[in-house]
């Protein structure tokens, strides 16, 4: 039963926010749609029902989003904009291996998206057997796994583990 | 015209137009298909910004519903081309 | 209300651009050998005509044809009627886009079937093979 | 008063975002290969589109003249921004992976390409 | 007067439900039955409309959704459109009966009937509609169903290629007509045929001053410049649909490649839509042959252009007929010839000319449908379309033999048959208009066509009867019920029976006064009831 | 040579059309004002004072599309329907069950798409259900939902349709259900008028001067604009499953398709 | 002076350029991408012409569905147009 809740909430929120109104018509129709969609898609979307509904995880997510959207993005943008606007455009690109420890696919994907969304690093490929990303790094400061992990992923994974793991 | 509209019309729109032209230049020049798709993709996302700005300038907020559809299909275009490059056939 | 020279110039320029686009896509339809390219040109031609149709219903300094105030007072309706763009071409184009989509999708299915039977999508080769 | 401040915050985000968008466009045309361009593209999508969209959300919510419709505009733009944040990285990743696998663009200049090594080519 | 609106909508509703039923009901016979019942009831509806028009002597204006003309779409039915619609519905009933014989247990039957009913809806909509843009939509409904039906034999190379060619150029033609419709709105300010017609006739203002004070607001641009664009583009589309000279290239490929009943529909009925729309546009809407119209001075040019394209197709097609080896292709070429004659008929601009054209449309539709269907029997029996390899089915089944002979004689124009009278009417019209070169064209094309038709008659009637033919299939009831009525129709179509209908139709085409006043009246009566100054 | 001939004729035609449209003013004065009929539509799209002349929907385009010129849209739907039927006729006899499982794209794209689909459905339903109030409507929503069918075929594989339980016959059934709902709304006025002996028209929405038949415009003070909402929802259903059918057919592998093409004898 | 007129001219010029590129391009995938860019320019034009309904229809159709269907077609058939 619990596994239906997160999808239904997601759909209902999307519906209400997109419609921008809380009239009875929208609430009723939105709830119907939410119920229907969660019935169909929950078994694909939600893997572990016990972790599905938790206020603590949600608060961690908000905290992470705040950190990510302000500090992490600002740092990364400053670096890449500096490279673009510099005359010589000195770059030091490399495709490095970045190991991850997460087991949950949502953590893996959230980490990958966080890495890609910060300018300067792009996840080119993912190897689930060896548990590592291949990240194209515009200004590589070190090529071994540990440096790459520390510089690129550690901060994100530490915070995201609290949300999804 | 309010300050918001003045700034939008005389600062934001010219800057955006310049970057559109640069994106399209890359889309035209880019040596490989991936470069072109990347430029087209960024162009699509930036046009979604134009949608928001224009709907404030036209003073009709309801037009902004189009933004989301553009974002969706820009992503879909990425995916098609990625799939095409990776597999050659799309349905597999 | 009359338009200034610059406005007139820009409107005419847009119109000519649209007509030239139609001309180029027509050229593509007639001269390009590949069936796929012909279909691409055909979709562009349809798009161009649709934009042209919307363009004739346009007016400067206008709002979309959606009423925002639902109190139904006469003044607001009059303001709306004298400040919104023409909704009828939009309705016509809506119909035309769907029809164009249907026809083009069917053309794509036919082209696929043609490739299965002829082994090529080059219109010159197909003509030779058919005899 | 709150409205006024919020509107200027939103406007600042918009202007800064459009400038970043332009910088991203410059980067896109200045970088020499596809993998480097990916980073400029990220600058354009996140800094140049996502943040201005948030700014637009703030501006529209802080404009009481729009009436009830400001929630519609703000809401639809917010959903669009959220979806952009979700989709843009997946799109660039898919494109990068496909490009690397199809080998249509070498990631030169590069100091090391572990992916190519591990895939054995 | 719901029959007008309900006829196409009923067809569409049945077409919608056929694939749904197919999921539950797998019996193919059921679909034949449903289609037959539907087409018969649609024929009764159109007959009702026809009766109503003849008894009232004025066009019907059916307001869709209750909206008055320029706001909504109207179906405006006059004697011309009612006649063609009724006739179409009648012929399709026989074609559905023939399909029962032809398709048998083919598992694709539900799709086939879905498309066929859609095509009939498109044809009826084209005839009934009173709106320029609605005509575009109905042309596309007709178009897409025909493309689908031509590609019905999906494993045949030529069918798919012909369908692609037809669909591709059909799409371009549709786009051009769309531009014409949009230009109509841009310059005339509305899309109702009656209103546009009213605008082109400033001379009517003296007699109908009361009307014109209401509709004058609906003008906008420079209509002289616009009409050039509209007529050029729409005439291109209509000649494409009718398959006459410059735009005939798709027809000899598409018509033979389709299943035989569909060849009958395409050659007998679908091409008429192009001719009808040309008549409607040139006569009723823009009035290029109407002295009251402001475009009357263009009539000599139109006369020359239309009679040229008509004469060119009437002379070129029978020559092509002589060198064909494929029987269905030969018949398809003869369609081009007959439509050419139809176009020459109404290029004259006289009531007699229009009447002769309509008459020829009627006799040609019946004759061509019958010829395709009966020659199709021979093709089915011989499993080939080569004329020289056809088997003498006519000697095993007298009905088939008689059908082939009589339809060919009617198409050539031999005396007691319908074709003779329609060709004679054309001859009279040419003489009356003093166009002797066209009479020469008529005679030459008939003479050449006679040779062409004889190529079909000879093997089917006078060849040796093969021994290995499955005769039981030749004696099925559905074959008789489809061929016999058309055979009788060809004999019955003589001036005594159809003179009144044709006169009414031709008169209503040439004199657009009633058509205009009905449309305008429908707007005025509505607005007056609402007690509202328009636009308030 | 032929190329230049084509080019010259196209340039000539374009020039003539440009001349006619600008100097002769065939399109009317561009950009200045709208036509009288447009003002009539705009003034009456939501006008509770004149129930005989209004569509009671603030969205002028939707009210034209489904009420004023509803028959156009009905037959436009027919064109779309017929195109898919024609495509199905080309693919008749194909069974969708022996599609083998494909591997699809990388995990990141799969998970993101999985999250996108519920949000996308919510957005599409919102577009359809507010079609009579804000820009949008049945076809728009169906087209927005088409992204689901495309992404399922592209990101996962053709086999994902089978896993989701959307096989061809179910898609056809749901689409036909939507279309029959449209037909039902279209025929309701005529049937009721025939039963009660009053006057009503095909596709009628509200009272007219000569007809008292009317669909309800409001439910509990929520504007639903009579038939418009039903048409929008039914069209949404029909169009979105239409796209499902199209992309299910297109995503079939060629080996599967070639098994049955060419087996039947030619006619 | 309506701000949209300048952008209209700009985007119609973009549409013209990319139509030309799509027509002359030999690589069909590139032609599809060019036509998608041209469609986006038209989407912007339609938006500036105050036609949000049309944008909502045209955008999925021209930017999304045509390229998808065409890439399906190209993937199963020929990749390059021969001169």
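Labels A, B, C, D, E, F and G are assigned to the chains in the order they are written; within every chain, residues are numbered from 1.
In this section, contacts are C-beta pairs under 8 Å (C-beta built on N, C-alpha and C of every residue); 3 or more make two chains touch, one makes a residue touch a chain.
None of these values were measured; they are calculated from a predicted model.
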| item | value |
| --- | --- |
| Label of the chain whose CA centroid is most distant from the centroid of chain A | E |
| Chain pair, most C-beta pairs within the contact cut-off | E-F |
| Centre-to-centre distance between chain E and chain A (centres being mean Cα positions), rounded to whole Å | 62 |
| Centre distance in Å when chain A and chain G are each reduced to the mean of their C-alpha atoms | 32 |
| Separation of mean Cα positions, chain B and chain A [Å, integer] | 23 |
| Rounded Å distance between chain A and chain F, as computed from the means of their C-alpha atoms | 35 |
| Junction residues of chain A - those touching two or more other chains | 14, 18-19, 112-113, 123, 125 |
| Residues of chain F whose C-beta touches two or more other chains | 17, 21, 27-28, 31, 35, 37, 39, 41, 43, 59, 61, 68-69, 72, 76, 79, 82-83, 86, 90, 105-106, 108-109, 112-113, 115-116, 119, 123, 127, 134-136, 139, 144, 147, 150, 154, 246, 250-251, 254, 261-262 |
| Residue list for chain D, restricted to those that touch at least two other chains | 24, 26, 38, 69, 72-73, 76, 79, 83, 86-90, 92-94, 97 |
| Interfacial residue positions of chain B with respect to chain C in the complex | 58-60, 62-63 |
| Interface residues, chain C side, partner chain B - complex | 63-64, 66, 68 |
| Complex contacts: residues of chain F adjacent to chain C | 2-3, 6-7, 10-11, 13-14, 17-18, 21-22, 27-28, 30-35, 37-39, 41-43, 45-49, 58-61, 64-65, 68-69, 72-73, 76-77, 79-80, 82-84, 86-87, 90, 134-135, 139, 223, 246, 249-250, 254, 257-258, 261-262 |
| Parts of chain D lying in touch with chain F, wherever the complex brings them together | 72, 79, 83, 86-87, 89-90, 93-94, 97 |
| Of chain F, residues touching chain D in the complex | 105-106, 108-109, 112-113, 115-116, 119, 123, 134 |
